[in-house]
Structure formats: structure tokens, C-alpha cells
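There are two complexes below, and they share subunit A, which is joined by subunit B in the first and by subunit C in the second.
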Partner chain A sequence: MSTETGRAGERTLFGHSLRRLILYLVLLGMGAFYLIPIETGLMTSIISPGTYSGNLPYLPPLEPLVSGTGAFSLEPWRGALDGLGQGLVNSVILVVPATILSGLLGSMAAFGLTTISWRGQIGIYILFVAGIFIPYQAVLVPLTQFWYNIVPLRSMFEPLAALPLVETYHWKLLALIITHTAYGLPICTLLFRAHYKKLSDEMVEAAQLDGASIATIYRRIILPLSIPMFAVVFIYQFTQIWNDLLFALTIVQFGDAAVVTQELVGIGVSQSGTNFPLRMAAALLAALPTLLVYIFFGDKFAKGVAA
Partner chain B sequence: MRNPLTILRQRLAAHREVRADGGTATEAGSILDRDSVRSAPFWLPPFLLIGLFIYGAIIWNIVLSLTDFQGLGSPDYSALDIENYVIAFTGGTPSWSSLTVDPVWNAAWNTVVLMVSFSVVCLAVGLVMAILVDQEIRFENTFRTIYLLPMSLSFVVTAKFWLYMYNVETGLVNLILGAVGVGPIEIVQNPDLKLAAVAFALIWQFSGYAMIVYLAGLRAIPTSHFEAARVDGASTIRMYWRVIIPQLRTATVSALVVLTVFSLKAFDFLFSMYGGYQPGPSADILATRMVREAYANGNWAYGSAIAVLLFIMALAIVAPYIYTQYQRGEL
Partner chain C sequence: MAELTLDDVTKVFTEDDGNEITAVDEVSIDIEDGEFLVLVGPSGCGKSTTLRMIAGLETITTGEIRLAGGRINEKPPAGRDIAMVFQSYALYPHMTVRENMSFGLEESTEMSDDEIESTVADTADLMEIEELLDRKPSDLSGGQQQRVALGRAIVRAPEAFLMDEPLSNLDAKLRATMRTELQRIQDNLDVTTVYVTHDQTEAMTMGDRIAILNDGVLQQVGTPLECYHTPNNRFVAGFIGDPSMNFFEMAVDGETLVIDRFEYPLKPAQQDAIRNRSNVVFGIRPEDIRIKEPGGLSDNYQFEVTVDVVEPRGDENTIHLTFDRSVDDPVTFTATVSGLRDISAGDEVTATFPPDSIHLFDTDSGVAVHNRTFNAENATKQIL
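Up next, the complex of A and B:
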């Protein structure tokens, strides 16, 4: 208690209440700066396109009460759901397995490179870490060559398409799942390694003394202790993969397997101009899964990005 | 076998004794007893995956950049030369095309301008906000959540929001400018403002990240340092400048590396903002140029060469960072 107040006394930049007030005003102003583009988008997305005038786009549509604000309608959201529906389904098919795979493999790699220590592992680990910073452009042409000309995934999928729920174009999503798993591994490994370094060695040593195999140590000791980190890693990977455009653009290219970010690029533009309510509804719909994850698990997301 | 790490030797000594008692293993156990091998089922499959998809692809890309691969068909690896790099630096008509190809200087310059302006402003905004949030404020978590919110969005989504904000007739930016008697001005298609508009939107998205990193850095500084500076009679601003900010160097470097790499990835944003591969010369960056050459023009090998240049830029930033981290034992 006393240290807390002492710390506050020493560290407070703004001494008296006027300064305190200015501090809060600045913080609120910055909050408004970060929220207004999203708020304006949300308000515009519930205006009936026919009554949209573009005046006061940040106000809710209160048309006959306040003129010029447009009338309320869910039509843009229905249009967005129509336009993005297939993309949303494809994105889910992509994101769920890619997130789980990269998280699981990242945890295993971090275990083999941290909890079990051996000479030379740091060299292997550096190759993992460096992978975080690779600009994707440096691998795009080989990836396209690999998936389209080297691996016959497409022909492998043709017989599978007879199965229910499987379509031939799903081969592109499988290619994307594997690619995202590989490129998500470095950051997942880094996050898990930071976690495993903090775990005490005693339990692992005791288990080794008892003659436990490495697989048993992982399953019985490390995996249960990794659960909080899995939450962080899954949230981070889910956001990253859901939000990606570049890999989808170069591996899926076009067609039925297009993911939601690809479909969002072209929505709401036509010969007759831009349909802003539809476009804002589509942007929010595409962002909705990551926004919900962020709103409910924001602290874990912050942990992931700060690592 | 001998294991050279003394810590490990100590740790395993007891283990070996137990096994020696069992009479199955000896000090000169086979190579299969090494921990590197025994833990291989865990680290080797992920390592092979990144080895193939990341490092294999990078090497393949370098080889591709030496070919004349263009259009449909498959690359011919029999004749390798550095022609694409010569073209990238000087421009001209390459042997694989009948058209003149522009050098990459314009895109490279835009890349550097975007990278520097975006990361410096992000760091400055992030630092100021971290100091403000660190003033024992109420609702700190709420403020932090709001500031970091844009980072959870896709580049594609933020581009759509800012396209709307920048719109000449209905955009909020122009409404605000109109309120103070300026404009309306064309922003998104204005060659003089394009890059600044892109940088500003990216700063909106990522300055919250810089704040989070700085806030963690500030919290790691012992309270006694703040107190000592107080006792010395330093004014608040001087205290931060002289005592606190120098201690945030690690935070600055790690945030800087991450932000510069983010700016190299701004392709998604530009593609969404300009609805395709053509942001126009004043907002063209290497990331966009590379994808356009390869996927829109079919100049695969030339695109690969630009990708190698981009990779070298990223390496020049990241390699020293990883090396210092390694030396400090922080990896």
C-alpha cells in the first residue's frame, strides 16, 4: 500500500487536478482517434443504401428524426453476407486446422529445443526465429510453382471430390493450410519457448530420474502446463491467418476457394459508383471474427503481440 | 557418448547411473541416446517443414531470379545469369521481353520513405502514449484495449475503412478539413498525398503496438530510478529524457524491428486500397512491385529478383537484431 502511493507520488507526471484533467482528455481524444474509423464504418453499414447521402456519416441513421443521416436498414449486412458467404466458409476451413497445427507443432518444436537441452539446438532455434521476419514476397514464386507444378494435389483431390462435403477446389485450401502452418511455426515456437524457459526444471529432472521417456514428459508434464500459452498462440495465429491476403492471392489465386479477405477487396464497387454502406458492412463482417476474439480475449492477444 | 554441456552432464549423471544399474546402457551409449536425437520426433518435423517451405523456398527463389522465367510454361534452369538484377538497377529491355522494364529505384525509394516515416512516427506516438498511460490512470485496461484494437484488424479491412475516411465527398477527414476551411481535397488518388495517406492509416493501425511494447519497458524500470531522478531535482520532462528514455533502448529496438518488417508487408493494404496491383508510381513499394511483376505481368524471374532485394533489406535489419539477442543470451 505505502509503496503503491509512493510510486504514484514519484511517477505521476501531472501533479494537480488540472493536469490530471488534461491527461484524461488527451487519453480520451486518442481513444476517439482509434475508434472513429470503426464507429463511422458501423454507422454507415446500417444505412439503407437508397437513403445514404454521405452527410454526417458518423451519426446513426435516424432518418425521419434527423434529416440527412439516412434510414436504418440491415440490407447492407444481408448484401455483405451474400457477397462474402463462400469466402467466410473457406476462411473457416482454412483457419481452424492451420491454427491448431501451427500451435501444436510449435509447442513440440519448442519442447524439443528448450526443455530438452542439447548442444547445437540454439543454431536450429535461430533458423526458427529468423523465419518470423521473412518477407513473404521472397518465397511467393517458388510456392506457386510448388503447389501448382510440383505437388499433384489437384489430381489427388479429384477422386476425393466424390465424398460428401469435399470439393475439388479444396486442394487449394489444403495447400494454404500447409503453407500457413509452416509460416506460423516460427512465431509459435518463439512464444512457447519463452513459456518453457520459465518452467522449473525440477519436474522434468525428476521425471527423467524415474526413467520417463521424452514423449511421456511432454504429454504428462509439459502439455498440461502449456494450456495458457496455447490460448495466446491460438488467438494470435487465428488473427494472423484470418487477416492474411497475400498467400491466398498467390496460392488460391481466384475461383471457388477464395477466402474472405480476397472477396472483400472487390466488394461494393460497380459501374454506378461505390456502395459505401455495403462496403462498410462487408469490412465489418470480414473483421467480425477477429474483433470478437479481440474483445473477449484482448489481454491474451496483447500478450502474443508483445512477445 | 560425452555430452559437452556441463549442466546437462550433471543433470543426466543420475539418470545414467540408474540405467547402468539396469545393466542395459553404458557410458558409450549409441548415438541414439543423445538428447538431440531422442527429442528429434518433436523438433525435427517442424524443422523440416520450415526448412522446406521457408529456407528451401528462399534458395529456390534465388535460383529462379537467375533464370529468364516468363509467362506460361515452366522455368528453364540451364542458363543462369544476373540479367534481372542488371535490369532492376538500370532498367532497359531484357532478353525475355520485347518491352522496356523500369528499374526498381522508385519503388525502393517509396519503400524506404514509408518504412522510416511509419516506424519513427509509430514509435514517437507509442512512447508518448505509454508515458501517459503509465501515470497511474484509472481504466487503464480499457484505454489499452482501445488503443490496440486496430491491430486485430486485417490490412484489407483497415484499407476499406480509410478509403472511406479519405473519400472526397463523404470522408470524415475532408469533413474535418472543411470545418476548418480547407478542401475538400483528393487524397487517395493524389500523387502528392498517397504515400502519406497510406503511412497515416498504418500508423493508426500499429501505434498501439508500439505503446504496448514501451509500456512493458517502462514497467520494467525500477521505481528507484524515478525516485533518484526526483531527488536530483530533475524536472519531469528532463527526468524522462535523461533517465527513463535511455533505458527504453531494448524496447525501442525490438519495436522498431517488428514495425519495419510490418511496413515491408504493407502489400495487403495497398492492394485493398487501390483494388489491385496498381497503386500508381507515387505509392508503389517493392512489395507491390514484386507481386505485380510476377502475378499480373507474368515476369516471374524478374519478380523473384525484386523479392531477393526485398529479402536482403529485411535481412539487413533483422540479422543484427537476432545476433545481439543471441549474444545477450535472450533467444
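Up next, the complex of A and C:
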């Protein structure tokens, strides 16, 4: 060990200062702290359920080399894909339109409330802000009443079910799309408004003098300049809607239209016990889309947050 | 190209608490076809509001604005056939220079893509920005952005140009160059132009005529020399010209004006102008004051003064003079002399206030009651 005295009593070890070494150790510890649960889940999900013992779940399945770690198998993932397949499809049918709609409508609302000035816009904006603070619990009963008793969406949807790929139960997903769009609209509007306030008024005025109508200003000037904010809103809304269980339970309740979060609740649980490898594989599978969204749009997200 | 008329144009803003603020008060200006009018005044004087009313970005409370004889009060900005250059340039940041310049043509005309392409190319050629056409505004320097903003206005060949302090974000050197260039372009295109600035140098050097605004009220409209030599009132006299005109508040004593430090005899015409007044504001421009070696006062227009501070500018020096340095609140005034003259602080000199160069203003209203001898035609002839 080469220990020399640097400046002001700073000790060095293999060229690194002690302070730096401690920093790395702490970072390593924090990394492990965050990653071990995920690593454990991943390892559990590739253990053959029959050989899963519950001991050392964080070790890779190395049986028969190491006893007690279980045998490698992709069976849990196959089971998860089978069990969640319908739910994954339903969730995609729900999340993609709901995310795009709430983002697009939020951006349009923010444009109308910020860039264009008209009498009474503050009052309308306050209603939007108030919308953010309505608790989910308060709207559950009205939502059920609304979609099952007040709006005859089911019978209105019937003719559409004749179209290819459309099923009768999709009306529940449509109800869910509308609900999530409406519920996400205030926060989307708020985010876009903050962004539009920073855009130059003179630029919009220049476009007006150039002969552009309000619709054209939105389409050709504001929309292209909103792309970073769309990344933020899309990631946020995608995660929110994909992970939502409460509205799905309220509106879909049960049946063919169940989304992935609903199916995740029951998978791998039976009277004979809990199938941990299957549950872990299903949980990872259900979380995968949000993870992919972050990976693919992460850089745009960062840009939008910094904007 | 068309004449632009402002007829008793007034703008009243109502604040949230119901207070009414008159930003522009019955301003009437006739701007001729192809004229370059500079709207100048201190910040908050209503010059930008006036421009925005012409553009249609601000409603007109009362009065009328006519372009080529037709009322445009109710027309939306897009329908006025007016182009504006903004202080911030207001370029579309996501579009290339070419797209920035095409945008207005695409939105406001029926031109084909080919025609737009060639019009943009011609304007880019005129503005010497061809090599920038495929760049985004963020890749351009301030001066280049300025040119693009001008090009975007020019390309539409509007009836009138409005410019809101377009040069104020440039450094001093570039500003001087662009001033000349803007004048040359305006002269070539011969488009009616209203140019807003707070900088009296820009107003003096660029305008065919200048209109001076203060507190929303039009003070004077005239050629730069008229406004400089025959100001309507004390505000115009003090605003136009750098360094500013010297003012002394003086008491009238028969045929002379009196202040603690000096007395000034008046000529008969000047006496007529201030008849029945007990007070008057005496004004004289720094360059009209003659400075020479001390001693031997030959007439009553000469005074012995002391040099307080010298500000060398190279071509000329601005010197601050005082009648009596030793008192606590000395009466000081400025004079300009040739940059080659060797004058330093503390020197005793003789200052002459030539009687045909003085201005007299009413003490309360500031209205000019007597202006220096100035014959516009003679002045122009001498220059030619």
C-alpha cells in the first residue's frame, strides 16, 4: 500500500483521494439499494415455479450447480404473456389515444388561454386549475352513474362493433379513454400554459401581421415549438394512465375489457399458493412499456423539463 | 405604397381597478406616400402604442387611421397589408431563414411555390443574406437576425413598413451601419415607413420628418432641422440634440433677462415676444456658445466663466462651464468646442451667447415664444 501525504493531510490510495473513495462506495451502495429489488424480481421471474424455494431469490437460478437457487426456466414469462395478453392489448388501446388526446387538447386549451387574449379567459383558466384538485375518490360514484346510467354509450357503440377488429366490450375502453382525457386535461393545460407564456408575444404578432389565422398560428408556429413539452406530457400521461387501476375498476369493473393492471392483481394467486416466479414475470411485463417510453423519450423529456 | 393618415387617434387603457390611462392623446399625423417618418420620444410616451394601433395589434379607442384613403380601424392585422419589424426581431425559431421569409407570402398571397421561391431569393439578394437562407435563426448573429427580420418584412412588398426600435439590440458600430443601410433600402423601395425609436440621433439622421411624442401628446412634426432649430416647446428643444440644450430660468427686467449669476440684454423682436411676462426660460444650444480666451468683454453677450469638466469626444469636446465655481450650487451649462482645442478644467474663459441663436420659452407651458434665427431654405441651400 502506497500511502503518501498530499496537500493538507489529504491521503491518497492508488492515486485516488480517500474522500473520493468514500464517495464511490456510497454511490455503489445506493446503486445496489435501488437495483437489488429489480434484480431479485428479474431472477425470480426466470426460475421454474416447481423448483422455486424462496431462499436466496436474488441469486441466478443455477440448479443443479448451486442447490436451493431453483432451475432456469422461461415458463413464468410464457405464463405472464398468456395471462396478461388480453390486458396488454386493452391497455394499449386505452393508453395511446388517451395520452395523445389529453396532450393535444391540453396544448390547444393552453394556446387559447395564453397566447390569444379574450375577456373572461382567467375565469375559464381557474376552472381548469380547479380540475387538478378534484380527488379521484370523489368522482368514482358519479363516473359509474354517468357511464352506465346517464350516457347510453353502450347502445351508441353497438353499430361500431360491426366493424372489423372492434368488439362490443370496447365501449368500456372508450369510456375510459374519455374519462382519462378529461381528468388529464387540467394538468396538461397547466404544463403547456407555462411553456407558452415563455414564447415571445411579438412572434405571434408577427405571424398575425404575416396573415396567419389563429388556427394557422397554432398549427405552424405553436405546435412545432411545443414538441419538447409534448414529450413531457406524453411520458407523464402515459405513465399515469397505464398504471391506473382505480378508474379501470370503476368503469370496466370486470370482463373482456379488463386492462393490464386489473389482470396483474389476480395473476399467479390460487388456493394452492402464490406462484412467485409468475407474479414477478407479470409485474415486469406490465412495467415494461413505461420503461420503454422513458428510454425512448427520456432525452426529449429532459429537454422539455429544462425548457 | 400609400399615404398613411392618423386622425385624432386616441388610446385609453382601462386598468383592472377601473383607472383609465390615456396612452395616446389625439395624435394626428399625415404621412406621405414613400415618406420615412420617425416617431420619437422617451420611453412610455405612447410611440409604440401608436405603432401597434397602426399595425392593428392594439384597438383604437377614438379617432381614425386611414391607409391609402381607406379607414383601417376595424381591419384585422392580417388584412392591413402592413409589415412590421419588431425590436426582438420575432423570427420563427423553428423555421429556416427561407421558411421565415416565405411564411407571410404563403399565408397572405395566392402566389405559387415557384413565385414565392423567386421572390424570397430576390429579397435575400437585396438584403445580402442568400448564404443564410438554410440556417435557423439561432445560428445567426444579432446583426444577421436583424437583416432577416427586415427581409421578412420587405419580401411581402406591403403598403407600409412599421419598425419598432429595430436597431436597439445591435452594438453601436453595427447600428450606425444599419442606419445608413435601412435608409438606402427604404429610399430604393420607396415604401411609406413609420419608425419608432427613443434615440434622438436615429430620429435626426434617418427621418424625412420626425414626430416627437411626450406623455401621449404629439409635440411637433417636422423635418429634423425644423425640430432642431425651431422647436415648438421646451420639451422638443431639450429632447432633440445631444448634448442637450442649456436652459436658464430667468426673470424679465425691462429689456434684459436676469438671473443670480448673469444678465442678458434682449433685441427688440425678442422683447416683443416676451412682453407682459415676468419670467421666461432662456435656451441656447451647446454648439452655439462661442468660447475664447479670457479678458476684454467687448459686448453684453459675453461672460467670464470657468471650465468645470471636460468630456473629450475626439471630433469635439463637451465642456461643462460655470459662472462661479466657488458657490455651493453653481449655475452650470455645456458648450461644445473643437476637439483640437486645448482646454482643461479650471481654465478661465469667455463665453459668448450670440443673440440670434437664443430660444425663449414660457416658464409654465414650455411653449416656445421665440426661436433662433433659422431659414430652412437657406440652410438647405448652404448644404447643397
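Remarks
Here is the rule we go by: the second predicted complex is superposed on the first by the 273 of 307 C-alpha atoms of A that agree within 3 Å, B and C clash if a C-alpha of one lies under 4 Å from a C-alpha of the other, contacts with A are read in each partner's own complex, and residues count from 1 in each chain.
We take it that a contact is a pair of C-beta atoms (placed from the backbone, for glycine too) under 8 Å apart; a residue touches a chain by one contact, two chains touch by 3 or more.
Here the structure is a predicted model, which means the values were calculated and not measured.
Residue contacts after overlaying the shared chain place A:Ala207 against subunit C, while subunit B stays out of touching range. Legend: residue contacts after superposition of the two complexes on their common chain; A:Phe111 is shown touching subunit B, with no touch to subunit C.
Judged by the number of subunit A residues each one touches, B leads among subunit B and subunit C. Contacts of A:Ile221 after superposition on the shared chain: subunit C is touched, whereas subunit B is not. Looking at the shared chain after the overlay, A:Thr44 reaches subunit B, while subunit C stays out of its contact range.
Subunit A uses residues 205, 208-209, 211 to touch subunit B in one structure and subunit C in the other. Within the complex formed with subunit A, the residues of subunit B that make contact are 3-5, 7-8, 11-12, 14-15, 18-19, 34-36, 38-47, 49-58, 60-61, 64, 69, 74-75, 129, 131-137, 141, 143-158, 160-162, 164-165, 167, 169-170, 172, 175, 204, 208-209, 212-213, 216, 223, 226-227, 230, 236, 240, 257, 261, 264-265, 267-268, 271-272, 275-276, 286-287, 290-291, 294-295, 300, 303-304, 306-308, 310-311, 314, 317-319, 322, 326, 331.
Interface residues of subunit A facing subunit B in the complex, by the touch rule stated above, are 3, 6-8, 10-14, 23-24, 26-27, 30-31, 33-38, 40-41, 44, 54-55, 57-58, 105-106, 108-109, 111-113, 116-122, 124-131, 133-143, 145-146, 149, 178-179, 181-183, 185-186, 189, 201, 205, 208-209, 211, 214-215, 218, 239, 242-246, 249-250, 253, 261, 264-266, 269, 276, 279-280, 282-284, 286-287, 290-291, 293-294, 298-299, 301-302, 305-306. Considering their complex, residues 200, 202-203, 205-213, 216, 220-221, 224-225 of subunit A touch subunit C. Put simply, subunit C touches subunit A in their complex at residues 55-57, 76-78, 80, 82-84, 86-88, 90-94, 103-104, 107-109, 152, 156.
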